[in-house]
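Okay, so chain A shows up in both of these, paired with chain B first and chain C after.
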Partner chain A sequence: MRWIQLDRAKREPARQGCGALLVALALVWAMPASADTAAPASIKYPVAPEGAHAGKDVAQPIEFPHDIHTAVNKINCLYCHTYARRSKVAGIPPTSKCMGCHSVIATDKPRIKQLTEYWEKKQPVPWKKVHDVPDFVHFTHEKHLKKFIFDNDELVQNLSVDTVAPVCAACHGDLRTMTVAKKIKPMTMGWCVSCHEKNGGPGDCWACHK
Partner chain B sequence: MSLENLTQDWSRYRNGIEEGGFHNYEHRWGMAIDLNACIGCNACSTACYAENNLAVVGKERFSKGHYMHWMRIERYWDEDQAKAEFPDQGANFLPMLCQQCGAAPCEPVCPVAATYHTPDGLNAQVYNRCIGSRYCSNNCPYRVRYFNFWSYPESAWPAPLNLQLNPDITVRDKGVMEKCTFCVQRIRVAKDTAKMENRKIKDGEFTTACAQACPTSAIHFGDLMDAESAVTKLWAKHQVKRHDDEGLPVSTQHKQNPALRGYRVLEELNTDPSVMYLERVREELA
Partner chain C sequence: MMNLKLKRREFLQLMGWSTAGATLAGCDLPTTVTLEEGKEEVVAYLSPEEYVIPGVGVWYASTCLQCAAGCGIHGRVREGRALKLEGNPDSPVNRGKLCQMGQSGVQTHYNPDRLSKPQLRKDGKLVDISWDEAWKVLDEKVGAAAKTSGARVAWFTGTVSGHQAALIGEHLDALGSRHHFVHEVINNAVGRAVNQDVLGEAMPRLALDQAKLVLSFGADFLGTWVSPTHFATEYAKFRSGTRGVLVVAEPKMSLTGANADLWLAVRPGTEGMLALGIAHALMQSGVSVPDAARPAVAAYAPVKAAEITGISAQRIEQVAALLKQHSPSLVLAGATVEGQEQGYQAASAVMLLNVMLGNVGQTIVSSGEFPFPQLRPRTGNTRDLVAFAAAAKDKALDVAFFYGTNPVYTAPASLGLAEGLQNIPFKVVLTQFPDETAAQADLVLPVASSLEDWGTHVAAYQPEQGVITFQQPLMEGLYPGTPGVGDALLKLLKMREAQKYGAFNDYFSYLQNAVASLPEQYKASGLTNKQLWEQTLQKGLLTVDSAPGSLKTNVGEITLHEVKADAEYPLHLIPSPRLGLWDGRHANIPWLQEAPDQISKVVWDSWAELHPSTAARLGVREGDVVEITSAHGAIKVKVYVFKGVHPDAIAVPLGQGHEGYGRYANGIGANPLKILSPAIEARTGELALYGTRVKATRTGVHEELVKEGRNNISQRSRKLVVTISAEQFRRTEGV
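Here is the complex of A and B:
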C-alpha cells in the first residue's frame, strides 16, 4: 500500500496551497475596491475589430456579477474560464470552483445562498450560453489566446485581470463593467475577417468554415 | 473583407498548369493507394460515413444516383470474366475519392466560388456559399462530388442517432454540393496542435478516416511537401510527380517504365491529382 502514502505525501502540500490561496483571496476581498482598471500603457494590444451589437439580456439562473469578481476583486478571467488557454471553448467553471471560494466568502449573500443550494443538491447551475458561433464555424480560444496573450511577452510578465481583460474584450466586451454577460459585439463573418486582416490571421475560407 | 483580396487569393490558387499554377503550397496533402493490398472490403467507405456525417439515403434514392459516399469502391472486371462460371467473381477494386486535383476542373466553373483551392492544396467546398448549381459535379471527371437532392438529416439520423454526428464537420442540408475533404477536421486539429506546441506537423501524426480504417493498410496519407514523409517517398519510388514539382510539362506525366506501378487516374486530363494509385499486379493468362 505504499502508493497511498506516496499519494498522500503528494497531496499534502497541495492542500496547504489551497489554504494559502483562500487566505489570499480573503485578503483580496478585504481590500478596498479599486477604480483603476487600466492596463500598463507599454503593453501592445491587437487592433480590435470595430462594430457594436445590441445583444439581448440573457437571464441567468443566478445573476452572476462579473464586475465584482474582475473589477473589484481582480480575479483573472482565466482563473474561472481556465479552458480558454488549452481548448477550443472557454468553458464555464464547475460549481466546485465557485465553492472553492464561496464556501467561506460572502456566504450570507442571497446569490451565494442560491449557489450553495445547487451545490448541496449536487446539481450543476444551468448557465445560459451568451456568445455562440454557428455550428459551421471552427473557432479555437487556445490559438487566439496564444497569439494575443501568451506570445505577448510584456503582457505575460504583467499577467493580471487588467492586462488580460482588454484581449478578451475584443470579442466579448469589457466584462469588468458588466454584471451578467451580454453580447455586445457583432460576431459576424465580416467582423471576424476584419480582425484577421488587421492582425494577420488566415484569410482562407476553410480556416474557419468547416 | 475586400473583394479584391478575395479574388486575388482565388486566382492565385485557381491557375492551371498552363499559367504556372500555384507553386507555393504550405502543405500538399496527398495519398498513395496500393491496389495490390486493397481487398474491396468497404471499411474505408464505412469509416468515411461515420467520420464525415454522410447520410444513408436508402435503396430507392441510391438507385436514382442520390448516394452520398465520398469514398466508394469501384469494381472492374476483365472482359473474359463475363463468360466465366461465376461472372461476379474476380473484380478489380479501385477506391475512388476526391483526387484533390492541383488544377481542378471543378473549381473554375463554380459561379459563386464556393469551391476553391486552399494553401494546403485541397479543393475546398464551402457549404455556406454553395447555391447548388451542380456545375462542379458535371465538370468532375472522377464523379466524386455528391449533391444533396433531399434534406437527409432527419431520415438518416433520427433521434437519438443524431448524437453520433461528428461535431467537427457541418451537417449538410438540401441544395448543397459536398465531397471528400481529406478529413480536413483532422488536418485542422493537427495544425492547431502543432502550432500550440511550436513545431511542424509530424508525418503519421494523424491520418484520414479511410486510411485509419483500412485493414490492409492500402491507403497511405501524408504531406507531399514534406520530403521525409512516407507518401512522398512512395511517390518518388514510383516516379509519379506533381505538376508543381519542377513544373513538369504534360507529356512527361505518363508512365515511362512499365515496371513501376504508380499512376494517377485520368492523368491525361492534366488535372494533377493528389492521389496516386499503385497498379495491381496480376497473373497474365496466356
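Here is the complex of A and C:
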C-alpha cells in the first residue's frame, strides 16, 4: 500500500542505516577510556527542581545497562534516543539500532544473546514504560533540548555524554549510574512549575495543557 | 459497586479535592491507563520506516464519509495510527472546517462493535465463517440468480457516487438488473425535483454570501440541510461586513432558526401558504408575479394566510417589505416544507418567491454540467425505500445487497419492510457494524472503515468548480481480510465478468487506472500518470471542468389544499434531524451521544419538544414520560418544554431507539420514524416525513431528563470522575 505524504508534513532525512555501525564503532573507540566524567564548570545547566520520588525497580525484559553505554563507553544519550531532539517523545531506539553495534560487539554476553534472539525472531523488545505524564500534559523533549542543549553554545562546543547527561538528569536522574531506568523525580505539575519558575520557562496553562 | 453512605452529589463534591478523591479509591473500576512505572509497555520499532519519527504526526488527505456532503479531510497519522481528523483547506466544500460528525470519524473507525468476520445464516442464526467461504457462497448464490433471474437482483444503498457508484451500476448491468434503490432519510429530494422543474438544474449553486437577506422555510442549512459545513462558512460571510438578515419560518426551532433575527413559528404544513401570503404582499407592493402562479398568489391575501399559518398579517407584510428592501435575497425550503403530502407544491411556492424577487441568476446560479456522468452522485431519497418495500412485499426480488444504509431501522413500521424482507431469499449486507438490517441478513460482509479504504466521491452539492474528492487509507485495516467497498465490488464483478475486470488486482489499481485514463486536458504541463496520481492524492481532490449553463424560471401552477384538523390526532409529529446522530447512523458514537443537542442540551436520550401551552393542556412538565400515538404505532419519550415549537406540533429527534446497533446505541430513547404514516408526497412519491398526526398522553411516569449545563451529577454508570488508589497516587504523584 502506498501513501502519499502531504507537503505540510515534516520530512526529516534519515540519519541511520548502514552508516550507523561505523558511527557506533567510531564512538566507542574514539573516546578515551579515562575521560573526566565531570562537565566543564563554565557550562550553564538548568537549575534542577527539588523533590525526589522513591521509584520502584522496574524489571525489563533485558536488563539494559545504561551505565556501560554512557559512563564506560561514553556514548551520547542522543545517539540512541535520537528522536528526543525532533519529537515530543525521546523514543526507545529501534532494535535495528542496537543490532548496528551488537551484531559485532559483545555478541557472547547473555543479554546480547537475548537481544539477538528478539532480533532474529523479528519481535520488538517489550520494554516497560518508566517515565510518563498524563495525556492532558503536552510535554515535549524537542523544546527542552533546544533550550538546554542546542541553544547552549558552550555545551554544544563541548558536546559529549558528560555534558549532555546533566541536562537529561534534571528529570530522569543520572543514568550514568543506573542499569535500567528508575523514576527518581516526582514529575508532578508542582515540580514542573517550580522548574519553569527557576529557569524562565513559560508559566501559562496553555504551554502544557492544550 | 460503592459501599459508602454518601449521596452522589456529596461524593462528587469530595472528588473536587484530589486528596479526598484518593482516599475514596478502591470503589471504582480498575484503571486501564496509568502513569505507574512498569505497568505499560513501550514497544519500539524493529526497523523504523524512513520517515517515521515517533511522536511526530504525518497528515494525509482523504474524504469524510460521515454524511453525503463530501467534505475533504486531513487525517493525522502517528506511529501507524489515525488519531485526528480536520478539514482539508483545499476542499471547496468545507474549506478546512469539519463538523462534529466528521471529527468523530475516528470513533467510527476504532469502534469496538466493528465486525471482523463474515457471518452466514445457518439454521436461522448468523454464525462466523471464513472469508473464503463467504466469497464462495456469494459466487454460488449470485451465480445461480444470474443464470435464471439476474433482473431480480437489487442493490439498496445510501447516497453513493464516484467509482463505487459506477461499479454498482456495472454489477447490476452484468446481471441485467435495473434495481438500484438509493435511500436517505435526510434528503432534499422534493426540493431537487422543484429545482429541476423550475430552474432546469436539480442542485444549482446557492450564493449565500451574496445574499443580503436569507428567508428559510425550515431549511436548517447550519445543521442538517444539504451541505451544512459549507453553508456554515458561507453564513459567516453573509453575517460579516454589512450584516445579512436571517428570517426563519418553521414549526420547530432548528439550529438555523436559533440564529435568526426573526423566527416565525409557522403552523406545521402551512409553510406553502405563508410563502404565497408573502408573495401576495409583494404583489401588492408592485412586484410582478409569473402568470401561472397568479391565481395561487391572488388566493392568499396576508389576512387569509395569517388565519391559516398563525403568522399575523403585519408580520407577513413586514417580511415582504424586508425582502423588497434587501436585494438580492435567497429563499430556501427545507424538510418541514417538503415532507408533506403537498410538499412539492409548497416548495414550488417558496421557489416562486426567488423568481419574483429576481434571485435566480444572482444568489441562485447554475452549477454546470458535471463532465463524468458515470461518477455523478446517486442521491438518496425515501421514494426508493417505499418502492423497495413494495418490491419485497410483492416477492419481486431474489437477491438484495445492502450498503451504507440501515432501512430496517429507518423505515416506518407501516411500510412493512421487515416482513417484506422475509420474501427476499438471499440478503447480503455490507457493513462495518452489526445493525438492524444486518440482523435480517443471510450473509453479512464486514467492510473496511472509511479511514482504511480507497474511493472517489462527487458531492451532490458542488459549491464552486466541480471536484472529484479522493479517499485514501490513513492506516492499515484493523481487521485483516476485511475488504474495502470498492474491493468487494470488484470481487463481485470478477465473478460475473472475469475478462473485463480480471486485469485489476485490487480497487487501488482500478482507481490508478481510472486516473491514468482521464482526458488529456487533466494532464497539463507534461505530468506523467504517476505524478498526476500522486498530486491528486496529496491534494485529496481533482478539479473538473463543469461549464456553467444558465438557469430557467419556469414557474408552473401552484395548488395548495387546506390542512385539515384531526380531532383524534391533534398534533403534528416532527421527526427532527440533528447534526450529530443524523438519521441514527451515528448513535453508536459516544462523542456524538455525549455532545448535547444544540437546542435542548439533552445528551444520551430522546425527548419530545412541547410548547408550554400544549404541555399545560396535557398536564405534563419536563421529564414526564408521554406516549405519542399515531394510527401506526406508539413511542414513549420524556417531555422537554420549549417555546421554540408550534403549539400544534410535537418534535422528537431522529437517531435513537436502536435495538441492534451495538453497546453505545442500544436501548436508548425511541425512534420516531417507526410510527410515521405511509403517506406519500403527491408529485414525487417521497414519504411525507412530516405529515403524520399524533396524540400525546401522559403516562404518569417521571424521569430526569439529562441535560448539559444543569446540576446533574449522574455518572451514568461510567467513569466520568476517575479515581485511583491512595497507594498508587503516592507512587505516581510523588507525595
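Details
Operating definition for what follows: the second predicted complex is superposed on the first by the 175 of 210 C-alpha atoms of A that agree within 3 Å, B and C clash if a C-alpha of one lies under 4 Å from a C-alpha of the other, contacts with A are read in each partner's own complex, and residues count from 1 in each chain.
The rule is simple: contacts are C-beta pairs under 8 Å (C-beta built on N, C-alpha and C of every residue); 3 or more make two chains touch, one makes a residue touch a chain.
None of the values given here were measured: they were computed from a predicted structure.
Of the two partner chains placed by superposition, A:P110 touches none, neither chain B nor chain C. Of the two partner chains placed by superposition, only chain C is touched by A:K128; chain B is not. In the overlay built on the shared chain, the residue A:V193 is in contact with chain B alone; chain C does not reach it.
In the overlay built on the shared chain, the residue A:F136 is in contact with chain B alone; chain C does not reach it.
For chain A, the partner touching the most residues, choosing from chain B and chain C, is C. Of the two partner chains placed around the shared chain by superposition, chain B is the only one that A:C205 touches, whereas chain C remains out of contact.
Of the two partner chains, chain B is the only one touched by A:K146; chain C is not. Residues common to the contacts of chain A with chain B and with chain C across the two structures: 135. The touching residues of chain A, when paired with chain C in their complex, are 1, 3-12, 14, 51-53, 55-56, 58-59, 83, 86-89, 91-96, 119, 122-135, 182-183, 185-188, 191.
Across the interface of their complex, chain A is touched by residues 1, 5, 9, 116, 118-120, 122, 124, 126-129, 167-171, 184-185, 188, 192, 195-196 of chain B. Note for the complex: chain A touches chain B at residues 135-136, 138, 140, 142-143, 146, 190, 193-194, 197, 203-206, 209-210. The touching residues of chain C, counted against chain A in their complex, run 33, 35, 37-48, 50-51, 53-61, 74, 472-473, 476, 508, 534, 537-538, 731, 733-734.
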